[in-house]
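Heads up, there are several structures right after this.
Paired with subunit B in one complex and with subunit C in the other, subunit A is shared by the two complexes that follow.
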Partner chain A sequence: MDDLLPLLVAVPLLGAALLVAGGRLVPRPVAETVGCAVAATTAALALVLLLNSSPPFLEWAGGWTPVNGRSVGIVLIGDGPGLGMAALASLLTLAALAYSWHYFDEPPSGHAGSFPALLLLFQGGMCGFAIAGDLFNAFVWFELMGVAAYALTGHRVEEARAVQGALTFAVVTSLGAYALLMGIGLLYARTGELGMHAIGRGLDAHGRPDALVLAAFVLVMTGLLVKAAAVPFHFWLPDAHAVAPTPVCMLLSGVMVELGTFGVWRVYGTVFAGPGGVPAPEFERTLVTLGALAAVIGAVMCWYQRHIKRLLAYSTVAHTGLFLIGVGVLKPEADDGIALYLLGHAGVKAALFACAGILLDRYGSVDEHALHGRARELKGVAVLFTLGGLGLAGLPPFGTALGKSVTEEAVGGPLTVLYVAASAVTAAAVLRVAGRVFLGLGPKPADGTGSGYETTGSGERPETRHRLSRIPDTMTAVPAVLVAGSLAVGVVPGFAKVVAHSVNETGSAGVAASAHWTPAGVLLGLLSTLLAGVLALLAVTRPKTFAAPDRALWLRRLQSGHVGDYVAWVLVGATVLGALTLPGLLGG
Partner chain B sequence: MSRRFRLWLVAVGGAGLAALFTAAALDLPAFGGDHHPYGDRAVHASLSRHTANVIASVNFDQRAFDTLGEMTILFAAVIGCGALLRQTRDEHRATPEPQEVARPVRRYALLVLPVALLTGLYVIAHGQLSPGGGFQGGVVAATSLHLLYLGADYRALERVRPVALYETGDAVATSAYVVTGLAALIGGSAFLANTLLPYGTFNTLSSGGTVPLLNAAVGMEVACAVVVLLARFLDQAVEIEEGNGT
Partner chain C sequence: MGVLPYLVAGWVFLTGCYGLATSRNLIHAVGCLSVCQAGTYVLLLAVGYRHDATAPVFSDLKPGSRPVVDPLVQALTLTDVVVGATVTALLLALVVQISKRHGTVDPDELSELRG
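Let's turn to the complex of A and B:
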């Protein structure tokens, strides 16, 4: 069965090639059906492999199994976390394809296959990255993910903002990719190896870490953290999410950004965790610092948005921060918690984006203020959006609540407060939107454009051909299924145990931990939901008190839309990474 | 953000990175050493499969899975450009006016075109034997066609370059690479394993097993991709105009 591992990449790529070759000849429904079928096949394959992944697979592409412990080939790792991410990416791609069924504006002149083909290439890149056990191979799939995502983000070229957002995304992420490649170059120069485990062994054999190891660590992490959208590498994300077509947002926020976090976990565990790598306290300090920053800034910025897609984008930044903290503390329980949290979050966040897309296509706006009370008629969507907000807050029994409570218990202390606060604030922003847009609660906010730095979200073009008068069933079914999936992560008996087992089998130095509901966790989940509800209610009834104060304006100004600023922040971020990691390498 | 603040950020971040790079470079292995752990293994593996060009063996045999990713990146870029540079509703097509080309330029272009095309095909075909291969030869072959644009005019280029056909060729070549990989898997070995064909006689065109096949697929993919990419950009520059058109 190991041999089937490369098919997770080969199937979507072949599907994309066939769609491009035949896309001109077939009508749109056929192309879309083929796209869905290929994505579904890959998802099924990933799930089958996942169910059989204990003990984990190790596959050498091209049959280059090691001789005397050394190989010239590429190794693929088919363990629980990797296959889990591949399965998640495939299922979300299927959801995105189903959501965009018949929905887009007309495809590029006469080519029905190009949009589904790009989505399949994106899926292939994500699957390849998830199962990569070779650092250079991971870089290749990282780039494929990127190239497909840039094109998908800028798909609505009629709008200048879409092109601008995609360009920013492309420049910043490419810069991250170059950093990653240079880091790989340094590691290769030291060890002569590209396989992650082999590099780790090579570093350990060389002895204590030195400046080269530090530089390699900083560069590789910079690349991965740009993808993960950690502060201060996160600026591309809100700009890209605000303009990307909704199905693409579902993939970007639901799984691609999380793959960056997964990459950090995988690379640290296999390459840098040994005595020749970066000591654990330094890694913990670095990731917890950056994670906490992302959680705070993401939550604050999320609260001050009125453009619904940007608001959701910032909540992804905040949650990325929480994921990074969980990965950073290097505890098996935290790893389990993050895996569950990530699964639950993917369902909820993708569902929220899907609902925002319905608003965009129905009303031609994603502005919380302009839409005040206008979406009263969309009762089903209102329920889904509210459920999404509650899931984001971590209301038991959502998967997010289970994952968050397990992680909170592992990290302990003040970080628990951060988890509760960040999830409560982001969820409160979502619930505030739900209250205003779907229920028409509170006074109608002024419709002014506010300060020059505010993106309102009014006057956006719908992605469908015309404004929808009736919402297609696929567009409501997809978020419903996604919310149900997020619930299932927390509810299905034994699921958490299986996830914990498969995560601990490869990572966490083989220490097995268990993940289950605890009374304290349930209480903390209820507490953050309650906080979110109260905050949302106060914001809706007293908009003046909770409007963005001038003090917070500088934070918003940082998100300037100027690519040069974002590049400058990437440089600063890399230096900060180095400065945070340096002390442990100097002493001792 | 003010220009001043941005420059400060660049200065601080750049200085930090520069210091890091300098320190790392001092720890690199010294130049000219004789310790090449990967190189030794790669050469050995290449010779064991009768592939004269070790680079080709690394690209299309030992790390063929990477090359699959690299060719797909180009493929994705081509589809992405097609989607982004499409003719939108507020743009229309104008017929470009042919312009006089200086006679020496014309003669030179038409003379060099077949030579350049042949060179490109040669570089692709001998990828497993000598420096070059699908990636490099593909670019040479594709650019050779564009000598027509320089030597004659845009319409002459368009006649030898039906974009839809090249786009299909791009996709077919990508599928061919994947299918070759799958064939090895179905044949009882691993994905992209070089076990389907005999390794042949060292330093002949048919040596190296599936290396020449994968190399040819990449050559075709790259040639088609470059043609389509240039076509998209030329279209945008020469033909598509803004305004409320037809």
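Let's turn to the complex of A and C:
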């Protein structure tokens, strides 16, 4: 069974190569069927491996096994969390391919295979990153999924906004990747190893952490946090998500950003958690600070958006902040909670993006103000969008609610308030959009740009060849299935237990914890849903008081769309990381 | 070999970052990103360097007869170069499209996405 592990990467890459080579010879339906089949095969493979992943698989690619405990080979680790992320990435890729089935318009005619091929390449990169057992390969997969994502973001090359967003995304994330590589180089210099576990052992053998370990930690975390879009590394995310084609947004927000969080968890747990690494209080302080910042800024910026896809992108920033806090507190219960939260969030967020895509293709706009009351006819989409908003708030029995309640119980205290507030505000923004766009509630907002300093989302080109007069079944079925999946995470009996078991088996220092519904968790979930509903209602009925965009103008000005500013913020973020981690290394 | 190569690597990396942050031309910015990456090449090669060692090519060398520099980091650098070539090519293609659609390659004049 171990030998099947590399196929998780090889199958999508081969499929992509096949589609690029043969894509121009076959008609579009054939290319798309091949794409779906390859993505589905990989997903099935990931699920089969996942079900058999206890004990975890270990595969030395090409038979380069360690000699005398040292190794130069490539190691793949197939444990529960890694295979779970690979399965999630594969399933979402399948959903994205199904969503774009026949209707997604691709500019270069005669290249029917190019879009599915890029998606498969993206899938291969994500699967590779999820199962990489050594840091250098993690970097390579990081860049592969990055390059595929840049190309997909700028896929509609005729769009001025799309190419700008893709370039910003590419420059900032690649810079993060090079910082990651610098860190890997330093770790190799110290330990002579590249395998994550081997580096961890090497650091511990060397004794107490010093400046080199600190520098390596800061550089590696910078790279991963850029991908995870933690504040202040997050600026690329709204720009990229607002312009990427909808199926790509589903993948970017649903799983790629979360892979950054997964990377932080995996790298800290294997490399820096020992006595030779970064002490736990320092790591906790760093991640909880950055996570709380991301949760607050993401939620505030989400609230003040009128561009629906940008609004959803900021809600991803807020939720990433919540994930990082959960990873940062280093408790097995929090790890379980975050795993469940992440699964539930992926389904809900991808479904919301899918609904936003329907609006874009039907009305040629994703501007909340311009669409006021225009989508009354789309009853089914309205239900799905509202359900997505409720799922984001953490309404039991959604998977998000289960994950959030388990995490809240583990983090405790004021951080629980942050979890409730951030999820309530982002969900309120989504429900506000639902109320205005699908129900036409409240006074019609003025169409003009208030402060002039915002991205409105009107005048976007639909992604389909023409504006849709009828919504194709695939475009509504996909979000329905995704919402159902998010519900299933919370409802299916025993699922939470299995997730908790597989997370704790490999991470969390082997301490087993259980994840289940508690009365307090259910009440907190209901509370944040109630808060979200009240906030949304107030915003719809009194737009002047509650949704005036000028309130957060100073915060909005930071999001300048200028790639140089974003690079400067990455450097600031790296400095902050260093400053937050430094005291522990000086003190002891 | 001392600390000098590491300082050079850091200096090159930060120079690239400075160029990126202050760039007035996107082609220049893509170049600066490559400069950042050159910092990683210097670092990796410095990590593998040994005094009085030769290249790790064993066609005319008996293994174990004399020290060689670390071939692993050279392989890493080579991979890194390939990754860099891909990224640079894609970025330059995007810059061409930006120039066509926006009519400028000055990042200060791109104002479609903000707030």
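The rule is short, and it goes like this: the second predicted complex is superposed on the first by the 582 of 588 C-alpha atoms of A that agree within 3 Å, B and C clash if a C-alpha of one lies under 4 Å from a C-alpha of the other, contacts with A are read in each partner's own complex, and residues count from 1 in each chain.
One rule holds in what follows: a contact is a pair of C-beta atoms (placed from the backbone, for glycine too) under 8 Å apart; a residue touches a chain by one contact, two chains touch by 3 or more.
Predicted model, so just to flag it, every value in this text is computed and none were measured.
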First, second, both or neither for A:Glu460, with subunit B first and subunit C second: neither
Which superposed partner A:Glu409 touches (first subunit B, second subunit C, both, neither): neither
Subunit B versus subunit C as contact partner of A:Ala579, first or second or both or neither: first
Which superposed partner A:Leu175 touches (first subunit B, second subunit C, both, neither): second
Partner chain(s) touched by A:Leu14 [first = subunit B, second = subunit C, both, neither]: first
Subunit B versus subunit C as contact partner of A:Glu368, first or second or both or neither: neither
Touching partner for A:Asp336 - first (subunit B), second (subunit C), both, neither: neither
Dominant toucher of subunit A (residue count), subunit B or subunit C: B
Which of subunit B and subunit C A:Gly561 touches, first, second, both or neither: second
Touching partner for A:Gly165 - first (subunit B), second (subunit C), both, neither: second
Residues of subunit A at both interfaces, subunit B in one complex, subunit C in the other: 72, 136, 140, 143, 147, 150-151, 154, 157-158, 163, 166, 186, 188-189, 194, 557, 560, 562, 564-565, 567-568, 570-571
Of subunit C, residues touching subunit A in the complex: 9, 13, 17, 20-23, 26, 29-30, 33, 36-37, 39-40, 43-44, 47, 72-73, 76, 79-80, 83, 86-87, 90-91, 94-95, 97-98, 101-102, 107-108, 110-115
Of subunit A, residues touching subunit C in the complex: 72, 136, 140, 143, 146-147, 150-151, 154, 157-161, 163-168, 170-171, 174-175, 178, 181-182, 185-186, 188-189, 194, 238-239, 242-243, 451, 453-455, 549, 556-557, 559-565, 567-568, 570-571
Parts of subunit B lying in touch with subunit A, wherever the complex brings them together: 1, 6, 9-10, 12-17, 20-21, 23-24, 26-29, 35-39, 41-42, 45, 58, 61-66, 68-70, 72-73, 75-77, 79-90, 164, 167-168, 170-172, 174-175, 178-179, 181-182, 184-185, 189-195
Partner subunit B, residues of subunit A touching it in the complex: 3, 5-7, 9-10, 13-14, 16-18, 20-21, 24, 59-64, 70, 72-74, 108-109, 111, 114-115, 117-118, 121, 124-125, 128, 136-137, 140-141, 143-144, 147-148, 150-152, 154-155, 157-158, 163, 166, 186, 188-194, 210-212, 214-216, 218, 557-558, 560, 562, 564-565, 567-575, 578-579
